[in-house]
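Look at the two complexes coming up: chain A is in both, with chain B in one and chain C in the other.
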Partner chain A sequence: MKTGRRLACLVLVLVVGASLAAGWLAPPGYAKQYREAAGAAPSAQHWLGTDEIGRDRFARVLYGTRISLLLAPAAALLSTLLAAVVGGLAGYVGGVWARVAMAVTDLFLSLPWLFLLITVRALLPLNVSPLVSVMVTFLILGALGWTSAARVLCTTAATLRGSDFVCQARASGIRGARLFWIHVLPNLKPVLYAQFWISIPVFILSEANLGILGLGVAEPMPSWGSLLRELEGMVSVSEEPSKFVPLILLVVVVTAFQFLLSRQEEVAA
Partner chain B sequence: MLGWKIARHGLAMLVTVLLGGLLSATLVRFAPGFDVDENQLDPRLSSASVQALREARLREHNVVRFYYRSLMRAAHGDLGTSISLGQPVTTLLRDRAPLTLRLVSIGLLLSWSVALALAFSAAWWRNASYDALTTVVSGTFLCIPAAVLALLSVLWNVPGALAIGLIVFPRSYRYARNLLARAYSLPHIITARAKGLSELRILFWHAVPVVGPQLLAVAGVSVSVAIGAAIPVEALCGLAGVGQLAWQAALARDLPLLMNITVLVTLVTLVANSGADVLGQVLCGERA
Partner chain C sequence: MMRRRSDTEFSFAPSGLADFPSATHGLRPFGRLRAGCGLHSFAASRLAQSRPLYPFARRVLASLLVLVFIGLLPVGSWAQGGGQLRFCLRAEPKTFDPLKVEDDASVSIRYLTGGVLVRLNRQTQVLEPELAQSWKVSKDGRQISFKLRAGMSFSDGTPFSAEDVAYTVRQLMDPALHSPTGDAFRSAPGNVETKIISPNQISVTFPAPVAGLDRLFDQVAILSAHSAKKEMAVLGPFVVADYKPGTNVLLKRNPNYWETDTQGRKLPYLDSISLDIQPNRDVEMLRFKRGEVDLINSLDSEYFDKLAVTSPQLVHDAGASLDSEQMWFNEVAKAPLPTYKKNWFRSAAFRRAISQAINRDDLSRVVFRGHAQPAVGPFSPANKFWFNSKLKPAVYSPEASLKALQAEGFRLENGALKDRGGNDVVFSIITNSGNKYRERMAVLIQEDLQKIGIHVNVVTLDFPSLIERMTQTFDYEAILLGLTNVGLDPNEEMNVWLSSSENHQWNPQQKTPETAWEAEIDRLMRAQASGVDAKKRKESFDRVQEIVVEQAPFIFLVNRNALSAVSNPVQGASPVILHPQTFWNAERMTVGAK
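Showing the complex of A and B:
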């Protein structure tokens, strides 16, 4: 298992490193069109060929990986913070606030995740610039993905509220925000870290789903979701195997996360 | 006692659906572009007609009033008209719901049959290689986005229900396997094994009664996963179900239609979860 984790770590470092070096590995960028070589097969010049309008697929995969892999943790951070505020405070304060917060959480959890995502995405303008679409997509993921984490944090915070050290701190005159900040929050950290790491692969997959359905990152900006849209309309796998590279990369990265997270999931539970 | 439990679940469901409706009505009301009716741009309309359209929109400015009017219309069977498709929402849902119901039911049946068969066989054999193999297979499916599975099902002419089954399967299998593994480490099962009871007897007489209620709860949750999976499967496989309707409504920003589908989906998932919950409690009560 240790070897598996090391391997997973190595894979993630390599993929993140390659995506960060996209500007150096693929200098022309993701939007440059080689009109004379539209739909070209893999070659020495275009390692993964070009798409139907002549954009270098290798460059797009690198830049798309960068967007998906850098913004998914940002969305995970947002969702973890929201979960800490809503779930942590609800568990700590208890009473009516906890009941209301958990009712709202249950309301969000009662809707299928993908359904909730497309509904909220549709409420916002669809015809926006690529950069705004990236921000909107990952903001939605972060703003909606806090619910299950909030439930776990609420339970943990409620347990901490009745613990001996919190009672002692309260008896010593520490109350309110100070008690929460100094004594409760540090003890929530392991759960918060676990929830943060667990959210990343979930958000990567969700972005891919939204992208394929045309509700994710807008063209010409690449992301794994928008790159996977190329699989639509394929007749056979052998037709253009290089179209599967983003999928293979995504599966490898999410598998690597699963390997690394097997211990975090136990903490989160 | 059972009647009280069902009534409590029913009340909780009603409150959640009403709150869900209010939440979606609020989101719809404050969504950018709500005040704009593209008919106002129709050059054939007189200024009086355009003014009338504007006033009609203004009447829906208050969220509570907007929601109340929607609820009153819904109580009379009128869910409004789809902006993008120009048809009554009731008709659209009535036409498309049976297909989604069929796809989701078959998908759930397939996924749970395979998941339980694999989980039971893994628990029965307790073979490390077999366990690793099933974990790798389910883990691989877990790492593939639902929409990609839908695209691949189109590529390989796989029925939509099977695609939904493949999306739900890894989650069902993981829960079933973990629950069984935990049950097999319980003292009474270890004792039963030490006494030489057959594996089949241990499984069905001692393990299944322990994990049954929890498996039912997971089955309830998997309905929500299957409905979520129906969106990419129906949208990308060209199946005219509620999932495809939701996707079309999202792309066209048909907010009233989306609001109704949201309430419907919330209701279905709540019924599934509560049903599983009540059934689990009944089984627990019988065992006690």
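Showing the complex of A and C:
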């Protein structure tokens, strides 16, 4: 397992490194259209060929990886923080607060996510730059994706609240925020880490799903979701293996995260 | 399977001879055909034993016997055995009542089953007689008289007469029915009168002139006034035999269909048509490749090219269709947009400059892989009669576009275009998510306009959200969408061009025309709609097309080509640009026949 985790780390470092070096590895950028070479096969000039409107697929994969890999953790961080605030505090405070917070959480969990995302996306202003659209997409994902984590954290915090060491601390006169900060939060950290790592592949996949529906990151900016749209249809599946690169990367990266996640789960346990 | 059976039926002559030795008795030379035509060995041995005749006499006798044998067959049996044609409907048909038809799937079934008085030949675009032998439109355009063919009957055997036509027209124009087909005939309030002159003659009088009156009857399938089967009794070549919701509609040959081919054989040739309900185009394509369906209408250009590589004989590009792709700016006065943007969008010079900066050749070549033509104006050149041939495609020239914008007070600063007030020229183009061609067109336009310093944000929205912005809130800047034209007559686009119309997309439902050119379009459209002189109507609509090109309320981008695929066993298919592209002559098609 240790070797697997090391390998996973290595893969992630390589993928993240390559995506950060996109400007150097693929200088023409992700938006340049080689219209005379639209849909070209892999060549020395275009390592993974070009897409249907002539954009270099290699450059788009690198930039798309950068966007998906940098913003998915940001969305995961946002959702974990929201989960910590709502779930952690609800579990720690207990009583009416916990019931209200969990009722809100259940309400969020029961919402039809996809339709909610589509609606929220449709309500946003139209005239936003692609960069803003990327951030908005992940912000929406982060703001709506805290619920499952909040439930886990609420339960954990409630358990901690009734634990012997917290009772002892209380008996020693420690109360309120200080008790939470010194005794509860450090014990919530492993769960928070685990939730954070779990959320990353979930958000990557969510963005990919939105992208496949054409509702993710705005053109011409690429993301794994928008790149995966190239695999729509029988024509693509049967031919042009270079189109599978984003899918392979997605599988590899999500698998790597799962390996790292197993470690986090061990720590949390 | 039906199809296999039809194959054996078409090879009837040899097997028939094999089972009929007495017919060939004494024709020894026939033994030479044994291997090729499968003569039974018993018959062959009898032939070998028979007394020889002179070669010439033998040939003559043999020929005569074959002719006599063929002559003894019922005429209909030639027409039978045309096989089963299979293709996909992309949605569930909503109705089998031809008068209520609205959706594409139901239109297809109506086309195949409904008998009409006159039929627009999809290839020549000329109106031809069907149930009516002849027809005449009165000079004032209010009345049409039909002389019907005699001796015809519906699929269930009920005789056809002028009474059925009168019944159909009454049903069609009944306001309670809300017939979309009937709406096209409503040029003015008032009753429609039908007068049965004789069992084979009828006249229909409308309260006001109806432009293109005779052509409208191409969509009116005649119902039986007396049949117990109601709309399921038809006069068309096929009849609905079975319907499995969500799965399949089976049409079978109408035994009472009136038409024969030039050799007197009864039509249709096909035994049946199986229509599978299949919304997924990938599955449709896979099934076509596996030989499970015989036709594909409106093929994607990607699929077309892939098929063309492996089986070029199966794909057909009939040229530019009537469908167009276009973009337009929001010109609605009450739209929630900044005033300076409204000023840009309401300026014809701005719109023309944008049009000039879009490389339509690239849209056709890159996005549609060459299976589209740069659009000229509101009507495609495929519409042979109504297209204004004086119009020329916009010439792509970013330089000329920039110059025109500069003349309007715009200026280029550090690669960004600014208006008189110093505002950056930035706008968004919305299109519907999931339509890859429109998304790609928007991205190409984005880069084209970047060359003249205009920054475009491409936004894809789900269709309901897009429609809400387009028709309710008017909260958009530019939209890229397509227009599907099924009719040839400009009358069918009245709802687009009249300024008071809901579908006057750039600025709908105007109480009075807000611009002089829109007022002129209103006047010309009404003039052509109330006219019956085709030449004068054409002059009016030519001018409408010129105004639309001059003012560019719609920036027409491309006309997509009509692409289709037809499998090898299908004979007699001749795909055209008009709906239904591949099966417009289904009654003359065969599958697997020799």
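Observations on the structure shown:
Note that the second predicted complex is superposed on the first by the 240 of 269 C-alpha atoms of A that agree within 3 Å, B and C clash if a C-alpha of one lies under 4 Å from a C-alpha of the other, contacts with A are read in each partner's own complex, and residues count from 1 in each chain.
What we mean here is this: contacts are C-beta pairs under 8 Å (C-beta built on N, C-alpha and C of every residue); 3 or more make two chains touch, one makes a residue touch a chain.
Model, not experiment: these values are computed from the prediction.
By the touch criterion defined above, A:Ala38 lies against chain C but remains apart from chain B after alignment on the C-alpha atoms of chain A.
When the two structures are aligned on the shared chain, A:Leu25 is found in touch with neither chain B nor chain C.
In the superposition on chain A, contact is made by A:Val128 with chain C only, not with chain B. In the overlay built on the shared chain, the residue A:Glu52 is in contact with chain C alone; chain B does not reach it.
Contact with chain B, but none with chain C, is seen for A:Thr255 once the two complexes are overlaid on the shared chain.
The wider contact with chain A, measured as residues touched, comes from B rather than the other of chain B and chain C.
In the superposed model, A:Leu215 lies in contact with both chain B and chain C.
With both structures placed on the common chain, the touch criterion links A:Glu232 to chain B and to chain C. Overlap of the chain B and chain C contact sets on chain A: residues 118-119, 121-122, 126, 213-215, 232, 234-235.
The touching residues of chain C, counted against chain A in their complex, run 281-282, 285-286, 302-303, 306, 362, 365-367, 369, 426-428, 430, 433-434, 436, 439-440, 442-444, 446-447, 457-462, 465, 475-477. Per the touch definition, chain A reaches chain C in the complex via residues 31, 33, 35, 38-39, 52-54, 118-119, 121-122, 126-130, 133, 213-215, 218-220, 229, 232-235, 239. For chain A in complex with chain B, the touching residues are 103, 106-107, 110-115, 118-126, 201, 205, 208-209, 212-215, 225, 228, 231-232, 234-237, 247, 250-251, 254-255, 258.
Across the interface of their complex, chain A is touched by residues 16, 19-20, 23-24, 27-28, 31-33, 139-140, 142-148, 151-152, 155, 224-225, 227-229, 231-232, 235-236, 246-247, 249-251, 253, 255, 258, 261-262, 265-266, 269-270, 273 of chain B.
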